[in-house]
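Got a structure for you, written out below as structure tokens; questions coming shortly.
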Amino acid sequence: MSKRIDINNLNVYYSSFLAVEDVSLSIEPKSVTAFIGPSGCGKSTFLRTLNRMHEVIPGARVEGEVLMDGVDLYGEDVDPVTVRRHVGMVFQRPNPFPTMSIAENVLAGMKLNNKRLSKSDADDIVESALKGANLWEEVKDRLDKPGSSLSGGQQQRLCIARAIAIKPDVMLMDEPCSALDPISTLAIEDLIADLKDQYTIVIVTHNMQQAARVSDKTAFFNIAGTGKPGKLIEMNDTPTMFSTPSEKATEDYISGRFG
Amino acid sequence: SPSNEEEPTDSSTAGGTESDAPEAMELSGSLVGAGASSQESAMEAWRAGFQGMHPEVTVSYDPVGSGGGRTQFTDGATSFAGSDALMDEEEYAAAVEACDGDMGAIHLPLYISPVAVIFNLEGIDSLNMDADTIAGIFNGEITSWDDAAIAEQNPDAELPSTPITIVHRADESGTTENFQDYLVKAASNWPAEETSGDWQGASGESGPGTSAVVQIVQDNTGAIGYADASRAGELGTVALKVGEEYVPFSAEAAAAVVDASPLSTGANGENDLAFELDRTTTASGAYPLVLVSYTIVCQQYDDEAERNLVTEFVKYVASEDGQNQAASAAGSSPISASLSERVIGILDGIAAG
Amino acid sequence: MFTNQRRARVTTTQEPPAPQADAQEYSTHPGAAANRLFGGLSAGAATLILVTLAAVATFLLIEAWPAMTASSAELSDKVHWLGTESNETLLATIGFLVYGTVLISAIALLIATPLSIGIALFISHYAPRRLAQGLGYLIDLLAAIPSVVYGLWGAIVVIPVLQPFYEFLERYLGWIPLFAAADDGSVSGTGRVALSAGIVLAIMIIPIITAVTREVFLQTPTLHEEAALAMGATRWEMIKMAVFPFGRSGMIGATMLGLGRALGETMAVYMILSPGLTFSPYILQAAQHNTIASYIALQFPEANQDGVSALITMGLALFVITLLVNMLARWIVSRRADFDGAN
Amino acid sequence: MTDMTTETTSPLGALTGRRKFLNNWMTAVVYGAFILALIPLVWLSFTVIDRGLDRFFVDSNGENNFNWDFLTQDMRNIFGGMPEGGIFHAIWGTVMMTLAATVISVPIGLLTSIYLVEYGRGWLKRSVTFFVDVMTGIPSIVAGLFAYAVFAIIVGPGTKLGIVGAVALSVLMIPVVVRSSEEMLRLVPNELREASYALGVPKWLTVMKVVVRTAIAGITTGVTLAIARVIGETAPLLIAVGVADSLNYNLFDGRMMSLPVYIVSEWRKGEQPCNNPDVACVANITEMRAWAAALVLILIVMSLNLIARLIAKYFSPKTGR
Amino acid sequence: MSKRIDINNLNVYYSSFLAVEDVSLSIEPKSVTAFIGPSGCGKSTFLRTLNRMHEVIPGARVEGEVLMDGVDLYGEDVDPVTVRRHVGMVFQRPNPFPTMSIAENVLAGMKLNNKRLSKSDADDIVESALKGANLWEEVKDRLDKPGSSLSGGQQQRLCIARAIAIKPDVMLMDEPCSALDPISTLAIEDLIADLKDQYTIVIVTHNMQQAARVSDKTAFFNIAGTGKPGKLIEMNDTPTMFSTPSEKATEDYISGRFG
């Protein structure tokens, strides 16, 4: 599990619009990396290039390299479908499949590769994934209820369980807590702290306190104005970023001067 | 004719007024009729011809069907009706009510059309058949073209072993009614005892309207059906056994059977030319499989203008000119000259007021 | 919200207590009556729909009543296409027709539904975006082609092309009763059979079903599609996971819309089918089936008053069938509402 | 299943053959369905255009010359295989009856959808929603029978007028208008309603000037499509209006012709006997007329669709970017 | 213009769900009052009771008193339509009417009510409202362009102009900057500072820095957990709240311990 990612000179486009310009950075295995920055600066866009979800949008394309343990994810022989098996993703709004039960949601990814899953194997996977997502205790008595019957925070943890059930190497999270209440937020943050023992985690957040609490490294993106591309301003260890940022823009942003 | 000397009157039913230049027979207004769809094509020709002579007149004819036509006529909604069948007693009575005065209504046989039994066999234009053979085919007993019953009567024809496909009308129609009436009366092996406008024989292919039937026969080798003779086109047709000879359909042969037939027993006086068609006639040169569609008119109209419109229009229909027009447009058989004269005489006697 | 009464009280109060005077500042706005009137008007229009529907049912019932209540002997006396024998009575005729209607519509639906879903998927998830827009427009146009044109085309152009295919079907699949030949060993030589009617109806309803399903597929939340893709699903797996479950009720609705069209379609069947009244399963033989709508169109022109009454009874039966189909669809959709993707 | 595809040696591991195969196979099926369905539709369009043009190449002498007579003539005094005869009266009949149906349906339909979206509550809303669905399913011939029965009871048996047809068409049209307008009204974001309420605008003005105004493009499109839906109806008109051969502008007096009914009645006439060599006669003129009328009908429907799109474009809220 | 508001023991319900419980507070005229608190605690819900927008939602209702200069807004004779003319509102996402031009948007309050305005009156109102919203300079040359052609921040100021054009006494703002970029945010904050000379302003914000920057008084709402009602924890002068809050929960929230 858990791999390192090196991004070299990545430009990300929506058709002809350059949304993110010339980003190079490295993400360490078994660590939490946080992306912060004002709205529209391209955090989500950049994050989605890491598991090739970006190209799902018509007209969207990428220039540059994304190396995962040295393999270029955008290489010729690489099938995006396999990339996404290795790099899981959790979205801003929890999105369990509404037609599936809780257990089916967890198994959704598994079932793709392994049609004939024995009942006991399936049960094991459900249990371990839900335990990994800190959700087991709350739902173990109603695994056959629809996933949409859970609260927002529970749904988000269900999505995390669904993502870890396929045992990815990297986990991307795009503002996983922004639709949640404070209590659920705490639960997810605790979970992230647990998960980093096994996974490489990249998290986008709007909440500086959250970034400070959960991440080992922080990358700050900014944008010069609408229509301009987003850029990586600086990346550093989180404590350093929040105490002594090297850029003025970072300091302004972190101190709440704008945003 | 006296009708043209009348003063113009405002009419509600006829909806028009007559001009006061009698000699030129200038009519105006609108004349409404409804009834059998069999007459529709002929009626289109008649209306066109009549409207051409009288540009101020509009004749409309609604092909609602014979039954509907009679109902609308006896309800007083129309001035004349077209009908493939005769009125029954009730309708005669209702007509007395609807026609002003107590002379009631009469039938005038103005559309005579032979019904041809048409078939599609390569290289064969005509076949001889008696009524029993036709009934045998259409009730499903004879299923192959080389059946002995057919072969016997057609020693010269090279009959293939193709299976027979029966084609009939899917909707209720006067053509079907007359065809079946012929089989009921002339054949010994037709299952139904009463004539009906609905198909009573074996089920086969069917389509709505004459053209659909013709189309189906045209498209299928081995198919046999019945249709207005005018629509037979290139298809083979059957000559019927009448007496000892086989008579192919023709205009004259069709008209002949009408002349040879007696009036119906229920007819409303001598002016009511309601024929009881003699399907079993042995008269030489008569073709008994005909459809006679009547024009039903009142013996008396309250309204002068309405009377004039009706009589002038129907006279035109009965005239040689009118009959020829229909013959060319719809392929009907012109009525005989004597019948034409008789009808015009009757029309002249229709009263107004 | 505010009645006239209240307004009257406020305006006629001569000496209101101090806070009340201030309250007047917040009292009824001008035009409150228009507000109420408009609300009433729209509720009235809605009620009118209920009234219309009740009227449809009532008028049909009134007109059908003479035929429904007359004894079969009495009725067959007046309406000669109805006989006295047990398989010729009004009820039996309606039975045959209901069977024929359902059979032909089912054929149409069986052919049209998978194809429509295929096209809809093609447009929503496979075709390049530019092309998809054009195709969507094309499908909308085809949905608007009048059914009489389909009938004309079916009767004149299509059937002759289909007939040889039927012989082929009979030769190789004739052991299935559905495709069995008549006693004389052949299928209809004209192709004017239930299968033809079904096929033409299918072609007719494909654009309708496609248009609706396409809209539904396009509305699948990106959230769910991306969830599936992010899990490493292929395109087809994503469709199975996210698109179909979400569009399930929409697809059922679209199918029912198509079925409704097929059930009630008159002219296409009227022009294409050699009608007959039986309960036979033979869809390659002529004179076996007819639909209610086509039967009405066939008999209406020459029907007398009692005949019309009998035909309206059949119309009522058709109305009831479509009502049942609608209710069934609703029931299917609501059955798994808990798991419904549209929630 | 065994591997069905040649696999590339992906550094991240490849898809199992079964999944790849299924994915490719389903792609093929979807493309196949699309092409299969396209065949009849293209075939139909081609046939109608091809055969529909024939009539325009027959002049009044039966010669092969292009002319527009078909659009300017009616069927008065046309019989047999006469090479003339057109659809002027049928176009007008179709226009008049469809217009009347629209005038009846749109206010009722629009108000009902407003009720459902903005006011509806409780059992009335539920039953209206349900019965609008039911009404969507009314077979067109039943609508014709209904209109016929209503006028038979009120005016008298056998009443066939343009307005009877219009009533039948509006029974078919109302539910379509309600459904599409309802959908469009629902698409108007709540925030616009709230913005209006917050400005102290009463509900009905909010509905009329904000909600309906914002949705007007969609509503007009819906109405136009509803018109397209009923303009091709045949069976109800056959029953409720009958046929006519010349122009009639009066919805309340006499029968009217319409294009779909024209098509059927010409088709029913079939091949005409041409046995008088002195008169210009085209045996299959009726079939030509039927196809030509079908072509014109389709063109009308398509231009309605086009107009709907243009209207939608014109009225739709400007995004300005 | 500008009135004081006193709220006494207000309970706010969605059907049977008690969303906000027993709030009593006073809002001073010509001041800016900020509501802060974690997501879902009922800030928006409470704000909407102040101009009776709450009852627009089916089943929603209110118990208690909202006194505006002593008149109970929920009194028997009070028409909500008139209340809303006195209490203007600006929403989280800018929502100009897409079918109207910029000028028409400003005049919407009158136009939609079928008021007849002379051309010159209308022009005057447009100009003064847009000036009041600091937007005049930017749009004066394109008043007949659609309102939606403006940038997000301009749209939000257009909505403010629309609200002040009907000359309300009180202005409610529900997270007016949360959908905006930093530059637009600054523009709106400056505008609020200007407006408080004339209006009583109530603003909901997620951004503590913003609350600190623009408000005179701050009210902190909190919620014990999902399904529980939101409550007013404390209200005080803004500097006091951010330096020495009297409640532990407030301190936790402000210091970023959660949220």
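For reference, chains read A, B, C, D and E in written order, and residue numbers begin at 1 within each chain.
Operating definition for what follows: contacts are C-beta pairs under 8 Å (C-beta built on N, C-alpha and C of every residue); 3 or more make two chains touch, one makes a residue touch a chain.
Bear in mind the structure is a predicted one, so any value in this text is a computation, not a measurement.
Identification of common neighbours of chain B and chain E yields C, D.
Ranking every chain by how far its Cα centroid lies from the centroid of chain E, the top place goes to B. Taking each chain's centre as the mean of its C-alpha atoms, the one that lies farthest from the centre of chain A is B.
Taking the mean of the C-alpha atoms as each chain's centre, chain C and chain D sit 15 Å apart. In whole angstrom, the spacing between the mean C-alpha positions of chain D and chain E is 48. One finds 86 Å separating the Cα centroids of chain A and chain B. Chain B has residues 63-64, 68, 71, 208, 212 in contact with two or more other chains. In chain C, the residues touching two or more other chains are 29, 31-32, 234, 237, 271, 297, 305.
For chain A, residues that reach two or more other chains under the stated contact definition are 81-82, 85, 112.
Pairwise chain contacts present here: A-C, A-D, A-E, B-C, B-D, C-D, C-E, D-E [touch as defined].
Those residues of chain B lying in contact with chain C across their complex are 37, 63-68, 71, 143, 163, 165, 170-173, 196-198, 203-208, 212, 216, 219-223. Residues of chain A touching chain E in their complex: 38-40, 151-153, 180-186, 207-209, 212, 223, 225-226, 256-259. If you check the complex, the residues on chain C that touch chain D are 29, 31-32, 34-35, 37-39, 41-50, 52-53, 55-56, 59-60, 62-63, 114-119, 121-123, 126-127, 137, 140-142, 144-153, 155-158, 203, 206-207, 210, 234-237, 239, 256-257, 260, 263-267, 271, 292-293, 296-297, 300, 305, 311-312, 315-316, 318-319, 322-323, 325-326, 330. On the side of chain B, the complex with chain D involves touching residues 41, 44-45, 47-48, 51-52, 58, 60, 62-64, 68, 71-72, 75, 77, 208-212, 214-215, 230-231, 233, 327-331. Only residues 15, 19-20, 22-23, 26-27, 29-34, 36-37, 40-41, 43-45, 47-48, 107-112, 114-116, 118-120, 124-125, 127-128, 130-143, 145-146, 149-150, 152-153, 157, 171, 174-175, 178, 200, 202-205, 207-208, 225, 228-229, 231-235, 238-239, 260, 263-264, 267, 287, 290-291, 294, 297-298, 301-302, 304-305, 309 of chain D touch chain C when the two sit together in their complex.
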